[in-house]
Amino acid sequence: MSRDLVQKGVKRLEWAKKHMKVLEKVRNELTKKKSLKGQRIGMALHVEAKTGMLALTLREAGADVRLASCNPLSTDDSVSTALNEHFGLPTFARKGETKKEYYSNLNSVLDHEPDILIDDGCDLISLVHTKRKKLLDVVKGANEETTTGIIRLRAMEQAGALKFPVMSVNDAKMKYLFDNRYGTGQSTLDGVISSTNLLVAGKKVVVAGYGWCGRGIAMRMSGMGGNVTVTEVDPIPAIEAKLDGFAVEPMMDAIRDADFVITATGCKDVVSERHLKVAKDGCVLANSGHFDNEVSKVALKKLSKKKRNVRDFVEEYSLKNGRKVYLLGEGRLINLVAGQGHPVEIMDMSFSIQALCTRYLLVNHKKLENKVYDVPKSIDEKVAKIRLKSWRVKIDNLSQEQKEYLSGWSEGT
Amino acid sequence: MSRDLVQKGVKRLEWAKKHMKVLEKVRNELTKKKSLKGQRIGMALHVEAKTGMLALTLREAGADVRLASCNPLSTDDSVSTALNEHFGLPTFARKGETKKEYYSNLNSVLDHEPDILIDDGCDLISLVHTKRKKLLDVVKGANEETTTGIIRLRAMEQAGALKFPVMSVNDAKMKYLFDNRYGTGQSTLDGVISSTNLLVAGKKVVVAGYGWCGRGIAMRMSGMGGNVTVTEVDPIPAIEAKLDGFAVEPMMDAIRDADFVITATGCKDVVSERHLKVAKDGCVLANSGHFDNEVSKVALKKLSKKKRNVRDFVEEYSLKNGRKVYLLGEGRLINLVAGQGHPVEIMDMSFSIQALCTRYLLVNHKKLENKVYDVPKSIDEKVAKIRLKSWRVKIDNLSQEQKEYLSGWSEGT
Amino acid sequence: MSRDLVQKGVKRLEWAKKHMKVLEKVRNELTKKKSLKGQRIGMALHVEAKTGMLALTLREAGADVRLASCNPLSTDDSVSTALNEHFGLPTFARKGETKKEYYSNLNSVLDHEPDILIDDGCDLISLVHTKRKKLLDVVKGANEETTTGIIRLRAMEQAGALKFPVMSVNDAKMKYLFDNRYGTGQSTLDGVISSTNLLVAGKKVVVAGYGWCGRGIAMRMSGMGGNVTVTEVDPIPAIEAKLDGFAVEPMMDAIRDADFVITATGCKDVVSERHLKVAKDGCVLANSGHFDNEVSKVALKKLSKKKRNVRDFVEEYSLKNGRKVYLLGEGRLINLVAGQGHPVEIMDMSFSIQALCTRYLLVNHKKLENKVYDVPKSIDEKVAKIRLKSWRVKIDNLSQEQKEYLSGWSEGT
Amino acid sequence: MSRDLVQKGVKRLEWAKKHMKVLEKVRNELTKKKSLKGQRIGMALHVEAKTGMLALTLREAGADVRLASCNPLSTDDSVSTALNEHFGLPTFARKGETKKEYYSNLNSVLDHEPDILIDDGCDLISLVHTKRKKLLDVVKGANEETTTGIIRLRAMEQAGALKFPVMSVNDAKMKYLFDNRYGTGQSTLDGVISSTNLLVAGKKVVVAGYGWCGRGIAMRMSGMGGNVTVTEVDPIPAIEAKLDGFAVEPMMDAIRDADFVITATGCKDVVSERHLKVAKDGCVLANSGHFDNEVSKVALKKLSKKKRNVRDFVEEYSLKNGRKVYLLGEGRLINLVAGQGHPVEIMDMSFSIQALCTRYLLVNHKKLENKVYDVPKSIDEKVAKIRLKSWRVKIDNLSQEQKEYLSGWSEGT
C-alpha cells in the first residue's frame, strides 16, 4: 500500500517536474551556484506535487528543507509519502489532520530552527511570533504565498508586531495575476464539478468577492455557461463586475435562488446565519479562500437538524426550515480538497518567484527592516521572460527612438 | 471492500436521483400506469449513476431489466455493484473489461431474450443482427443513444440489413442539443483537467469535428481560456467554426503546435500515423467519440519505442523521433473514463427521452417498419416542458391573434 | 448634391465589390455563360451597396433588372441614385417612403413583367397573387430571402394559394447559419450603439426570440458585456438560451427592468400594450425582425401623451404613466435603418445563393411545382467551398477507408 | 444650416444629460455651493456632447469656461456650435482643423488666462510651459485626462520642468478601469465597423498594446467573434494576453495575415515601415491611441504610389509592392473620428472625476507641489457610490466583527 502510494507520488512529482519549465531554469541557476548552501528552510504549504518540486528545488540549491502542510485537508498523501520515503525530504503532513496534529506538524518544522520560512496563510509565521518566540533570533525572514496571509502580516506590521522581514510573494505580478486568477479559476471549477457531477451551464453561480481570485472563478464559471452573480463590499470592483456582464447583489438577495455559492474573499462569515436561512433548497456551498470560515460552519451546525456525507467531499445539511444545503470539502479550499490544486504551469510561475525570493532574502535580510516587502520588479521580469521563452513566444522590443519618445514630452499634435 | 463499494454506489445513485427531476416526473407517470409491465429490457449503456437511475425507472414501470456496459472502460464499479447487490438489478459490467468479457456481458444481457434493447454505439443491436439472429424474432425494437450508433444504423437501414425498428434517441432535440453539446463539453473538460492537472488557458487546443459534440468541447475549452483550433471535413461547419472565432486548419497543420488534441467525430483515424509523426513534443491526445479508434492506437504503437503509465489515465508514448505524446484514457471517451460522465441534469433529459421512447416502441412497434425513426415531436416537447417547469422558468405564450398572424400571409408592409 | 450622392454611392458599391469575393466567382461563371440572357428580373430587397452588387451581377449575366425596396426606411439613397444614374440600372426606392410610394415602387418593378422575382418579406410575391394576378402567367418563379417571407409563403402553400415555385433562399445553410446569426448580430449591435451612443456593458438587454437571428443578437450583446435575457414561446430554444448562460423570462417580467429590448421573432405584438405599461423608465426599444409590428406602435401611440424625435433614429414616447421609452428607427429593422445592413462578407454568401438560385429556377422551373423549395445541397456546398478558398482556409478530406468506415456498420468495439 | 446644426447639437447635449446621472449629482452639489465661483477654466478636450455637459457643469458651478479641442479631427461640429450659439459657452473647435488652426484654438483658450486647465494629451499644458510661459504665474493647476498626457507629464516632472500641480485624472480607478477599458472597447469597435461595414467574426484582429485600452479592444473584438492577436513590449501583459486566450506575436509576424490592426499603445511607430511592407493585402489599419503617430503615416506615404478616399474615414493606400492597405480616420482616434466617442455612461464617470478634481485643485493648490498627483481615494469612492446608487445596485457591508477580523492577525487555522 505504502509502496503503491510512494510510486503514485513519484509519478505525480515527475509529471509536475516535466511541466515546470520556469522552475527548471531557476533550479539550474540556483544549483550551479549552490545559492542556498547550508540554510535551513521551514515550509508550510499545500503539500502536493508542485510544492514537492519547490521543496526539492530548494534542496538541490543546497538547503536543508522541512515541509508541513498549511491546511489540514489539502495534503496529497502520495506526494507527502514519496517525498519522505523516496526522496528523503522530511514532510509532516497528511490529508485530514486534526487541529492538534496540524499544529504539531508546524512545530516539527520549527523544531529544525529554520533560517527562512515559506508560509501560506501565515500560521507558521504567527506561531513563531506567539508560542515559539525564541526562534525570532534564528529566522532571517519569510515568504508569504497568499492574500489571507498578507492581510494578517500587514496587520502585524501595522501593530509593530512583526519581527522579521517578509517578502509578499502573493503580490508579485507573476503570482497574483496568474495564480490567483487563472489558477484559482480552473482549479475551483475542477473541484466543484468533480465533487458534484452537476451541470454549471444555466445555473446561478454566486461568487463572493471580485478580487483576483473571485474574478478568476467568475470568468471560468461564466465560461462554462453559468449565470454569474457577484457579491462585494467594495463599490469599485462591484462596478467592474457589473460591466463585465455579471449581476451584482448583496448576499441576502443572491443566495435566495443560488445554485452554487463560491466564496473567495479572505474574510469570515461571508455566508452567515441570516444568509443560510434564506438559501435555496439544494444550494451547493464551496469556498476557495484560505480559511474554512468564509462559509460559517458554526451557523450551519446551529441551523441544521441533521448532517450526513452524501458523496466524497459533499456534506448534506438538513436545515430546520426543511431545506437542504450542501457544503463541499468541509468549507476548506475546494480546489485543493477535492481537486489537485492549481494547474502545474501556474504553480511553476508562483514557485519560481518563491525560489528567487528565498535567495533574495538570504542575500538582503540584513538590509531589510521588519516589514512586508514587495517582490523586486527584477524578479517579476526575470520569471516573465523565462516563461515567454519556454513557450517560444516572442514579443516586440522598443527601439531607441521609441524609448526616447516615451521619456520625452515636447512632441505633441 | 464490496460493502464500501455498494455504499458508495448507493450514494451516487441517490445523488443522481435527487437531481433528475424530469425523469422523476416521467417515472411517476410510467409507474402509475405500469406502462412497461412484463417487458424484458436489455440495456447496453455506460454503467454509472445516471444510467442506474434509468434502469431503476424502467423496472419501477414494470419491466424486467438487465444492464451491460457499452464500453470496456466506462463503468463505475460502485454503481454496477450497488445495482446488483443493493437493488437486485442484474448488471454485467466492470471497469477495464477485456474485449472478450465485454462481448460476454452483452451476451448475458441478450440471454434474457429482451423485448426491447437500449443501446449506445450499436454493439448490442449489431450482435443481435449477426451472432444472435434467433433473437430477431423476439426483439420488438430498440433505442439508440449516440451519433456513432445512428451512423451505423443508417448504414444498416440503407443496406436493408436492419430487422426491427429503432428510435433515434440521439436525434431528439432534447437529447443532441444538450447532451452532445453542453454534456460533452463539460464532461470532456472535466476528464482532461482531472487526469492531467494541466492549464487550459493559453494552450492551443485542437478539436477534431465541429458537430454538436465538437462545438460543445470547443465552447468549453475556449471558456477556460484555451486557444481553440477546429479541424473538419465538411466546409459548412468549418465556416461556422471560423466565424465563431476559432482557427480552422487541417490536422496536419494543427497538430504541429497543439498542446491538446481532442477528437469528437464518429470517424476513425482522425489522428493517424502521418499526424502523429509531426505532433508537438508533449502533445496530449484525448477522445470523446464513441469508439477508441479516433486516435489511432495502431499508429501510436508502430511509431513508439516505449510506452508507460505516468499518471492515472495517462500513457506516455516515447516516439522514435524523440518526442513524447500522451494518450488519455487509452483513447476511450475521456469524459467517462477519467470523469463521471455527463452532468446529472443533462442525462436527466436524455434518459427521460429514453424512457418515453421505450413506451412508445411498445405501443407502436407493430405499426413501425424496420427503419430508424425520429423521436416524435410530442416526446421532445413533453420533456422540454417538464424541464422548464422543474426549473420554475416561465416563457411566453402566443395569443390567438399571434397564432393567426403566423399562419396567415396577407398582412404585409 | 445629386452628383455627390452618386459619387458616394459608387464608392460604396466599389467597396462592397472589393469584399464580395464569392459573388465575384459566381458572377464570372454566370457572365461567361450569359446564364440569365434575356430574362427580366424584378427585385424587392433592401436597396444598399451589397444588394446593388447582386443586381449588377444579374445584369452582367444577361438579365434585365429592376429594383425596388422591400422596406420603406432601409434604402441607402446614395446607392439607389448611383445604380440609376451611374450604372443605368433602374431603381425605385428612397429612404422614408410613404406606404403609397412603397407599393407604387413595387408596382413599377412589376410593370416590367418579370420572369423571376427576388423578394424579401414576400410583399412583392403577395402583390402578384392579389392585385397583379395577370402576372401569374408571366412569372416563372421567385426567390425569398427572409424568415418572415418564408412563414408567409408556407402559409400560402398550405392554403393552396401559391401559384409558382419559390426557392427558400433563407433556409440555405450558407444563408441562415451566417446571415441570420452573425450578420444580424453585428449589424443590430451597430444600429443600436450608433443611434444611441449608450453603453451595452452591464445593461439588461432583452432579446425576444432565440431563433437564428435572436441568438446572433444575444451572442453579440453578451460579447459587448451586456447581461442578456431571452424571451421565447418555444420551450426548446428557451432551454438552449438558459444553458447558453442567459436568463429566460416572459416579456412581462423581462421588460420591467430592461435597458434595451430587441425583437427578432417574425411575429407581431411581441412588445404589446401590457408590456409597455410596465416597461422601465428610459427603456430603449428596437426591432430586427422584418416588419415594424414586433414592437406595437399602435400601443405606443395609445399609451403616450407626447412623442418627439430626440436624436437621429430615436423617438421619445412620454407615456401617460410618467415614464419615457425610446423607439429606434420607427420600429423598423434597426440594422438597416440606423446602420448599413449586414457586413459585406455576410451578404456576399447570401447573395451568391440568390444568384445561383435564380439560374436554378430558370433551368428547372418547368419541373417544379407551386411549392416552397429548399435550396439544393449542391448550391450550398458550392458556395461554402468558394468561401473557404477565398479565405485560403484548408480543411481535411475523408480518406477512402474513412468513407467506407462511415458507410459500414459491422466494425464495433 | 447652422440652425439645423445647433438643433442637432442641442439634442445631443440633452441626450447626454439624460444619461449622465453621476455628473448630475456632482453638478447639483457644486452648483449649490457655487464651488467654482469666479474661476476661469480653460479646457482642451474632445468637443462632443459629453464634454459639453462637463463644460456646462463647470459653468453652473460658477466658473467662466472656454473650450478647445485636443484633436484636430474629433470635434462634433453640432455640439461645438450649439455650445457657442445656444448656450453661450465659447468654443474654439471644428472637425478637420489644420495644425495651425488647432494651435490657434488652444491659444484662444489660453488668452482667457485660465486659473485651471483641463487637458487631454498634454498639448495645452505643454503650450503654457513653452510658448505661453507668462501664464505660469496664473495657472493654479491642471487635470490630465489620458494615458499619453500622463506619460508626457511624468517625463516633465522627472526633468524638473513641470511648473504647477497636475491631477492624474487618468489614473483614478473610476476612470481608467472603465473609460480606458469598456469605453475604448465599445467605441473603437463602433468606429471600425461603422466606417468599414466589414465583418469582425472570423477575422484576424491584431491589437497593439495590452494596457487598459488594448484589453478593452481585445475583449470587444473577441466578443464580436474576431480572432485576436496581441502585440506587446512588456512580457507580463504579454503573458496575460496569452492566458486570456489570445495569440501573442511580434508585429512583424502578426501583420502578415492581419485583417485589422488596431493600435492603443501611447507610443509612436508601432506600425512602421518594415511592418507595412509585409502587411496583408486589404489590411485595415486603425488607431485608438491619443496621437496619430502610432501607425506611421510617414512610412505609408513613402511606401505608396497612390492614395485615395474610398469611403468616409477610409483612405486606400496603394503600395509599391502591389498591395493595398486602408487607414481609418487618418490614423487619429477612430472612436472619435468615425464614432461618437465613448458611451455616455462611461464619460459620466470620467467627467465626474474631472469636476471633483477641479474643485480639489482650487481648494488645495497652495499645498500642492509641482508634481503629478493621484486622485484622492475619497473622490474615487464618492463617484463609485453615486454610480451604484444611480443604478440601484446594492452591495454588502462589512460587519464590525468582519472589520476587526480583517485588521487582526491572531485568528488562524
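Letters are used for the chains, namely A, B, C and D, taken in the order the chains are written, and counting of residues starts over at 1 for each.
To be clear about the criterion, contacts are C-beta pairs under 8 Å (C-beta built on N, C-alpha and C of every residue); 3 or more make two chains touch, one makes a residue touch a chain.
As the structure is a prediction and not an experimental result, all values here were calculated from the model.
Any chain that touches chain A and also touches chain D is listed here: B, C. Between C-D and B-C, more C-beta contact pairs join the chains of B-C.
Averaging Cα coordinates per chain places chain B and chain D 52 Å apart.
Separating the centre of chain B from that of chain C, both taken as means of CA atoms, is a distance of 37 Å.
Looking at chain B, residues 182, 199, 201-202, 222, 225, 242-243, 391 sit in touch with two or more other chains.
Looking at the complex, you find that chain A touches chain D at residues 70-72, 99, 102-103, 121-123, 126, 130, 151-153, 155-156, 158-159, 161, 173-174, 177-178, 182, 231-236, 238-240, 242-243, 248-251, 253, 266-269, 291, 380-381, 384-385, 387-388, 391, 393-399, 401-402, 405-413. Residue ranges on chain B touching chain D, taken from their complex, read 199, 201-202, 222, 225-227, 242-247. Put simply, chain C touches chain D in their complex at residues 11-12, 14-16, 18-19, 49, 182, 185-186, 189-190, 193-194, 197-202, 219-220, 222-225, 282, 309-311, 314, 339-341, 343-346, 391.
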